[in-house]
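Below, chain A partners chain B and then partners chain C, in two separate complexes.
== the complex of A and B ==
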């Protein structure tokens, strides 16, 4: 007997659009960069690996995590545009800048979502080739972002509690 | 004595015993490992803000995943290890949350695996760090509290 193929998990687009808007807004206002956000897609497998990731968790009426991940070259340029000077990429100040960027993006998205949820302080992972896992029971939507300096990703794994 | 250190020393071995049937013993120093490391974190927001983090080497995480998911001869994947560590961290976080002022919310866990990475939780300080040993393997549980911004 054949079994029907598993249906892909349903994702509420209303939860994703605010992150698309937030990326554009934050990069334009905080770094003076224009960004091109490509069509969000369902993440099917683990990876790719990044060098810097800012992780922020939702709790309350929304639960899950959002991860903003960068490769080193782009991170260095973006942080320089954000803080106004180039920072050594292995310092706490650099990590703080990555965390603040993640916080601004997720904070702006949360404001547009208009939900009564809390977001955590950002956690920043620094290290080549690390892999960030998210809750396995929440679909992960990748929001691919392109800039003139390179690409980065916002991975959204949230759902109503 | 660190903030709720005694409680973490008590409840973590209880969770290990209940979930994995493994005995955890107190360790005097936080382990330094050269191998790949798995870290998991749950965040607490509300009347108290911070995070509970658990970190161990891949061999320990693999053993935990094999037991938790009854994988028998199969080799646990990175996702299995991250799920296992996430679940254990979630249980520790749930117990820690019960000791904190109400109301507090607990996030779902996030986990990271890699060979050479550092974890920095912004605007937070480590208030408690408790190392454990399980045979020849080691792990640590950390509690980080959000630092209030000066006005």
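== the complex of A and C ==
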């Protein structure tokens, strides 16, 4: 008997569209930035490397994590647009701003999802060229976000509990 | 009228002791390692830097995060003792092992806490010299863990919801 080839995990568009909308909305209203979100794709290998990541976990009817990751140049510009002045990178205030941006994006997406799930406080990683890894049993969807100042990524790795 | 000096946040020992016990238990049973946990202390400034961190969020009656952080040399040795063979660092399997160790430690502590809280799936950061930052409104307690192969830290930043 032949074994069927492993199917790639299915991506539930209903889980992803709210994050696309949330990125556009939060960047426009909180930083005055327009952004284009490219087609979300299934992440199939580890990486890429980032310099700043804001991490928020879901629990309840949805479990998993969402990570908003930036390279340094874009993070410095976006935080300046968000808080209204340039903050020195790698300070606690800078980390707070990255965490708050992640919280606003994930919070807006959660509201649109309309699910009975809770989101954690943000944890922020600062470190040139770090990799974020997650358990392999939850598919990870990369939402690539383009702005005039560069690109960043929202990586959504959640599923029904 | 004089303003009273800001009091340092109070540390609730009942929240911390289960993590001390969990570290000793998990290292002994899962890696065959003995460990000594030094006196937990309030983390008062950002840093230090680590190479690998396993991050788990609490939600429910407790909120916040717990981060288990390692330098590279110790991580490589501990993962080898845990899985029974040396794994190449920075691979997905290596990250899974770090995440599972964090999950075992936090899961054991949660069981002893006996609270109605849930813990998230682990997120693992791999990146030489990264810093983990958290919201400043939840005190962070560092639990320093000593083993024959070196030191690592469990940083507990949780509070009643």
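Following the convention adopted for this analysis, the second predicted complex is superposed on the first by the 157 of 161 C-alpha atoms of A that agree within 3 Å, B and C clash if a C-alpha of one lies under 4 Å from a C-alpha of the other, contacts with A are read in each partner's own complex, and residues count from 1 in each chain.
In this text, a contact is a pair of C-beta atoms (placed from the backbone, for glycine too) under 8 Å apart; a residue touches a chain by one contact, two chains touch by 3 or more.
Source: prediction; values computed, not measured.
Student: Go through the superposed model and pick first if A:95 touches only chain B, second if only chain C, both, or neither.
Tutor: both
Student: Can A:124 be said to touch chain B (first), chain C (second), both, or neither?
Tutor: In the superposed model, A:124 contacts both chain B and chain C.
Student: Under the stated touch criterion, which partner chain does A:58 make contact with: chain B (first), chain C (second), both, or neither?
Tutor: Both partners, chain B and chain C.
Student: Tell me the contact category for A:41 with respect to chain B and chain C: first, second, both or neither.
Tutor: In the superposition, A:41 contacts neither chain B nor chain C.
Student: Both chain B and chain C touch chain A; at which residues?
Tutor: On chain A, the overlap between the chain B and chain C contacts is residues 46, 49, 53, 55, 57-60, 63-65, 67, 92, 95-96, 99, 118-136, 138.
Student: Residue numbers of chain A touching chain B in their complex, please.
Tutor: So the residues of chain A touching chain B come out as 46, 49, 53, 55, 57-60, 63-65, 67, 92, 95-96, 99-100, 103, 118-136, 138.
Student: What does chain B use to touch chain A in their complex?
Tutor: Listed in rising order, the residues of chain B that touch chain A are 41-43, 45-46, 49, 51, 78-79, 82-83, 86, 105-124, 146.
Student: Under the definition above, what is the set of chain C residues touching chain A in their complex?
Tutor: Within the complex, chain C contacts chain A at residues 46, 49, 53, 55-60, 63-65, 67, 90-92, 95-96, 99, 118-136, 138.
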